[in-house]
Each structure stands twice: as C-alpha cells, then as structure tokens.
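Structure in structure tokens, see below.
Every chain is named by a letter (A, B and C) in the order it is written, and numbering of its residues begins at 1.
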C-alpha cells in the first residue's frame, strides 16, 4: 500500500510537470525561444488561485478565471516582448526573461508579500480514501492526476488530429516549410505562447492547494522542467511526457530512499541521459 | 603518376528518415588521382563528402583510409590521419586575418591544448606552414587582410589553403568553383590540377568543363546511387548516363 | 590589452583612481570597491566561456559557491586559515566540479547547454541546501579571515578593509593579465575559432570537446577564486551564493559590459554593482528600495529590447564618442 501511494504521488507530480514542460518544449521547438519566465507563470497561476479563491470564495471559480487571465497576460507579453525575441541570440532571450523573472517576483512581493499562503481544498474533494488502518490517500491528488491526464489527452488530440496541430508539428520540424504552407505564423506563435502560459498557470492553480503558494515557487519548478525538456528532447510532446513521468518517479524514489538527497536524484537521471543521448530521448542525433 | 588506393569506400549508405541520400556507394581513390563525382542536384554528392569527412555518421557501409577503418572516427581524427575537406558554402573564419585562418589550421597539427602561455604568433614553424599554404593558392600578398575583405573567389582559395595547411593526403573538395566567374574558375582549375599531382582528390563539381579537364576518373551519382564509374571518355559515351542526365535535369554532358 | 576605444589618459586616470581610492574613501566604499573587484573576477571567468568560447553558461555560480564552501568547511573555527593551503584547495575543488559537470554539459550545444548548466548548478545548490554537509539553508560562518603568511612575514592583513582591497586588486590584475595571455596563446586562439565556427575547427583537426572542456575547467577555477574571496569578505556562506540568480547576475554583468572583451567584464561588474547600490538606496526610492529588483528587471528588459545588437555594441558607440572628442574639449578636460 505504501508503494501504491508513492506510485500515485510520482504520477501526479510527473503529470503536473508535464503541463509545464509541454508548453516550454513547444515554445522552444516552434519559436526557438528559451523562456526562463515560464516558471513565473506557474507562480502567477498559484497566486491567482490564492487571490481569486479568497475573492470569490471558490476554487472552482478561481481556476477558469485564472486561466483566462494568464492566457491574456500571455498574449500581451507575446505581442509586446517575445515577438521581438524570436530572431535574437539565445543569450539575449536568457537575459530578457531573467529580467522578467525579477519583475514578476517583485510584483508578487509587493502585491502579496513574502509569506507562505495556503489555499483550501474545495469541500467537495476534501477527504481521503482510507487504504489501510494508518494510510490513506487524499482525493484532491487523484483529482489533480485525472485533470492533468485529461489535459494531456486533449493536447495529444489537438497536436495529432487537428489542423492547428498539424501546423504546430510542421512548425517544430521546419519553420520555413510551415510558412510556405500559408500558415499565419505570427498568429500561430502568439497562440502557442499564450496556451503555453495558460498551461503553466493552470498547473499553478491546481497545485496551489497541495503545495501552498510561496515566493520563488516558479523558479524551483522551472529548473526541474528544464531537466524534463533536456531528457525528453526539445519540441517533443511525447518525449516531455515520458521524461515528466521519469522525473516524477526519480523524485519520489529519491524521497523514499534518502529524503535529503531526493533533489539530486532528478539531476542524476539527466546526467545519465546526457551520457547516453545528448539530444534527448525523443530526438535522434 | 598514380599510386595505391588511399581511399576505399564499400557499400556506404546514409538514410534520413527512411529516405536514402547515399545508397550503397562504393568507390576508390588513388594517390595522384583526381576522382570527380558528378550528378544532378540532390544526387547525394555533398552527403557523400560529409560521410567521408566525418561530419555525418553513415547508416552502414565501410570507409577504409590507407587500409584503416575510419567509419567510427570523428572529423578531427580523420583530419589528423590526412583527410582535408572544403565546404560547398564558404566556411572560413571571416573575422580573422587570412594568415590567421591558415595558422590556426597549421596549429591543429601540433595540438597545444595545454599551451596557455606563449603567444600563438611566436611559433615560427606554424607561421611558415601557413604562409606556404597561402603561397600555394596565390594568396600570399593578402595574408594580413581580414578574410571578410576577400572577394568570393579569394575566399574559396583561402578555404583550400586552410586544408593545405593541415597537409592532407586526401582532399575532399565540395564544389570549389561554385559562384565563381570565368577567370577565377580557370585559376582555381589550374590550382586543383597542381594539387592533384602529389595527393588524392575527390572532387564534387557541377562545372562540366572543369570536371572533364581535371578528372582521371569519374563517378556519376543519381538518387544516391552510383550509376557509372570510369574514365572520362567512357562516361561521355555511356548511354545510361546520358539518358539519366537528360531525364532528370537540363545539364548537358 | 588596453581597450583601443578608450583614451590612454582616461585609462591611466581610472587606474590611478582605483589604486589611490582606499586612501581617501570611507570604509564602506572601500569594501564596496573590493566587492566590485571580486565580482569582476567572477565576470571575467564567465566571459572566457560566453564571450571567448561561445558557451552560454547559466550555472557559473556553482563553481563560485563551491569554492566559498570549501573555505568555510576547512577553516578552523576560531583561528585564521592558511591562505596558501585554502586558496589552492578551493580553486582545485571548483575546477574538479567544473571538470565533472563539464564532461557532461560540453556534449550539448545552444539552448541545451544553457539549460543543462543551470540544472547542474541547481543540483549543487540542492546539495548544500538540503543536506547537512554545509550547514543546510543557514550556511556557515567564517569568523576569522585567512592569513597571508610568507615564512612568518605577513605582507597583508586581510582583516583590514584597505589591505583586503589591495589584495583583491592584485588578484584581479593577475587574473586579467593571465587571461589576456591565455587568449593570445594557441589555446585561446583555438577557443576563438570554436566560438566562430565549431564545425570548421573540427574539420581542420581540433578536438573541440577537449578545448571546450579545458575552457570550462579554467573558468570554473577562476570563478572559484572569486568565490573564495567573496567568502573571505562576507564572513559567511549560505546556499544563496550558488543559487541560479547569482549565475544570472554574473551573465548580466558580462553582457552589460560587452562580452568578448576582458575590460568589458570588469566594466560590467562595476556598472551592475553600482546600479544595484543606487536602486536599493532608500534615500532614492523610499519604501520601494527593497523592491530594487523590479527596477533592475525593467532595466534589463528595456536594454535588450532597445539595443537589438547588444549592450556591448551600444557601449562601443558611447566609448567611440568619448574617445573621438574634438581636441579643444579634450584639452579643457585635461586641466
């Protein structure tokens, strides 16, 4: 039973990472932009959940409103800033998005302070399933897992079965070709970017009741998402899925074996992948 | 005068996502021989050069250089064994001086990985070697100019000088005449002719006048496959080659 | 190398000001000066990678921090450590860390390299943050600064801010001169070639991997020197000194000053620390001074958007304006 709980935790964490990493990897793959501020949107989502839940009294309202707000901020950032970055050297992308992180963190500090805030689990899901006499599993975590699976399925469907998905796939493999197919590139880019931001914020909103909201939460998870993208291979949604689950497991196994060193387990997995296949598991050299 | 076979390629294949760019290619080059590879665009000629130089890993087949299997060796190791290559798109250090381009190439022969102290310009052997290479391509008087300031033709010459500075026994030349005017082309043809005396050269070129002027042996590639190999006169008379060329492009032999 | 675009007299005046500054400056500013120079050494180490080899590392703080921790861990608690032992040890550990991590990260390029250097730096951060090895998130205090002892004779007392300033100044000059030589030596020329065109370097026979790894290790050791000095100056270490923000800040310095030129890294460190001091001064921004990173972040975003060819290019233009002033105004400046 103990192992079942750990497995469920690993899958839940892995799927949450996938929501973030899928946007990150698509934005890399299609626009060629490295966005350090991706994690900031996770934080934005979490703080929106905290703020909106307090305001409306319901997380069920906070989640959709939060997503819409994040999507709008994403669109705004894309047109105002990121659209000018696509052809620039990675160095400047790193620098600018580093600046954005500072701005987001300080705005968060000014608006919400530097304390840790909890977000209540909605009453509907606020109970646990007893597994043995002493062990039980919170329903909210199962809910998160299910929702993430749903979103992942939706993403898979959109990318592999729809016209816009075809454009996205064309964009990751060959940008000029996509342009020559008559795809409206600026619109596609803006859309992909905003969806990526919305996904990251969504991950933040639903994770908020589990992890609570705290300063720097976006950066912590951003670096883990980089590990996921490196392992999965840039631009690959399937790679991101496999890598997310692998990292979820590595993290959980690490916590069980040696809690102090659990953070290191994740990076060791990356080190092994780099030795074996530096371009990521989904991309051939 | 031709010597022994310095390069032996057997059954070389390279596929890109199921598409065979180079398909079961076999050929050999002898020292003192100029072996030209011709074929329509997309025939796999540049891919072949990339496989021989190590810039691309082959899917299957074998490459023997001086009877040593080099198929697993990275480009830098092949360079040290004596294979030099030029690129189809001029590939030089534009921000460096002409001399520095060649000096750097010469420096690679005496890898000074751990030399972090002495000024690079104080190694006279390497400077000499670089100057010799420049003289060989008639660029000696441009030595101190920045490579960016050279004309297109001169940049192509510098590209070859960089190879020469590494003293290769086999030169892989990928369309050295691309984009050159008539006069520049003629100079380059003369240069390649001179280089072929003491080395083996594998030449990929579209300029048929130059190819028939220079080549001792011709290989015709179509769709990644070798269509025919032989002396220029044989190739000229080959009906299969004529129809393949006429069927797939407007170039005339 | 003296920057061509700076007039020699201005440079001499600047050097003189740096050397004489501790004699007139208040202790706070002397300490600030030492901090700037420590960051300049740190920025020089990163410029070797970013500006001279074309490797954009976002994890340089790892080696800075590791060396700082080495000093903290091997210093005796209540007496001075021996500088001749602890400094080489700190740099060596930083170099070994760079060798191991470099062996893995140098296989990658472009965006991957950025992400992977950041990730491994974060791994080291986790080691010091999560485990008891380095005192956890509280860090370790260094109560007594190391001692510079040459056969019983102590030329400099590092506890004295002014003498510490000169010690750091000497090391900065040594690192600068050393890197200047390295970049003109065969090793440095090969790095320049790799930065411009890696594929061509391989085809003329350079084992590019080894060269990049060599640069990575050298940069790690020099970052370690800076980290050691920082630990000396601040008297304590905690995981924040190898946090990713630190890596971002030093990258900012390199770009701010104009990468690929050694004096640029020094200038960048100087500008960044000064800007930080100004933005975080309560006298200027009142209650918002503690949110100085908001101003800094906005400035960074503005700079990247407004100067599409990089800040280095912008600085070049400014310097050229200064150095090509009409003779008459130069004369009035001289008096």
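As a working rule, a residue touches a chain if its C-beta (ideal position, glycine included) is under 8 Å from a C-beta of that chain, and two chains touch if they have at least 3 such contacts.
Remember, it's a predicted structure, so these values are computed and weren't measured experimentally.
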Contact distance in steps, from chain A to chain B: 2
Chain closest to the middle [Cα centroid of all protein chains]: C
Of all other chains, the one whose Cα centre sits farthest from chain A: B
Chain A-chain B separation of Cα centroids, rounded to whole Å: 48
Rounded Å distance, chain A centre to chain C centre (Cα mean): 33
Rounded Å distance between chain B and chain C, as computed from the means of their C-alpha atoms: 44
Residues of chain C that touch chain B when the two form their complex: 181-182, 184-190, 192-193, 196-197, 199-208, 210-211, 214, 218
Sites on chain C touched by chain A in the complex: 50, 56, 58, 104-105, 107-108, 110-112, 114-116, 118-120, 122-123, 126-127, 130-132, 244, 248, 251-252, 255, 259, 291, 293-294, 296-301, 304-305, 308, 310
Contact set on chain B toward chain C in their complex: 53-55, 74-76, 79-80, 84-85, 87, 91-96, 100, 103-105, 107-109, 111-121, 123, 162-163, 165-166
Touching residues on chain A, where the partner in the complex is chain C: 28, 32, 34, 36, 81, 84-85, 88, 90-92, 94-96, 98-103, 105-107, 109-110, 219, 223, 226-227, 229-230, 234, 260-264, 267, 270-271, 274-275, 278-279
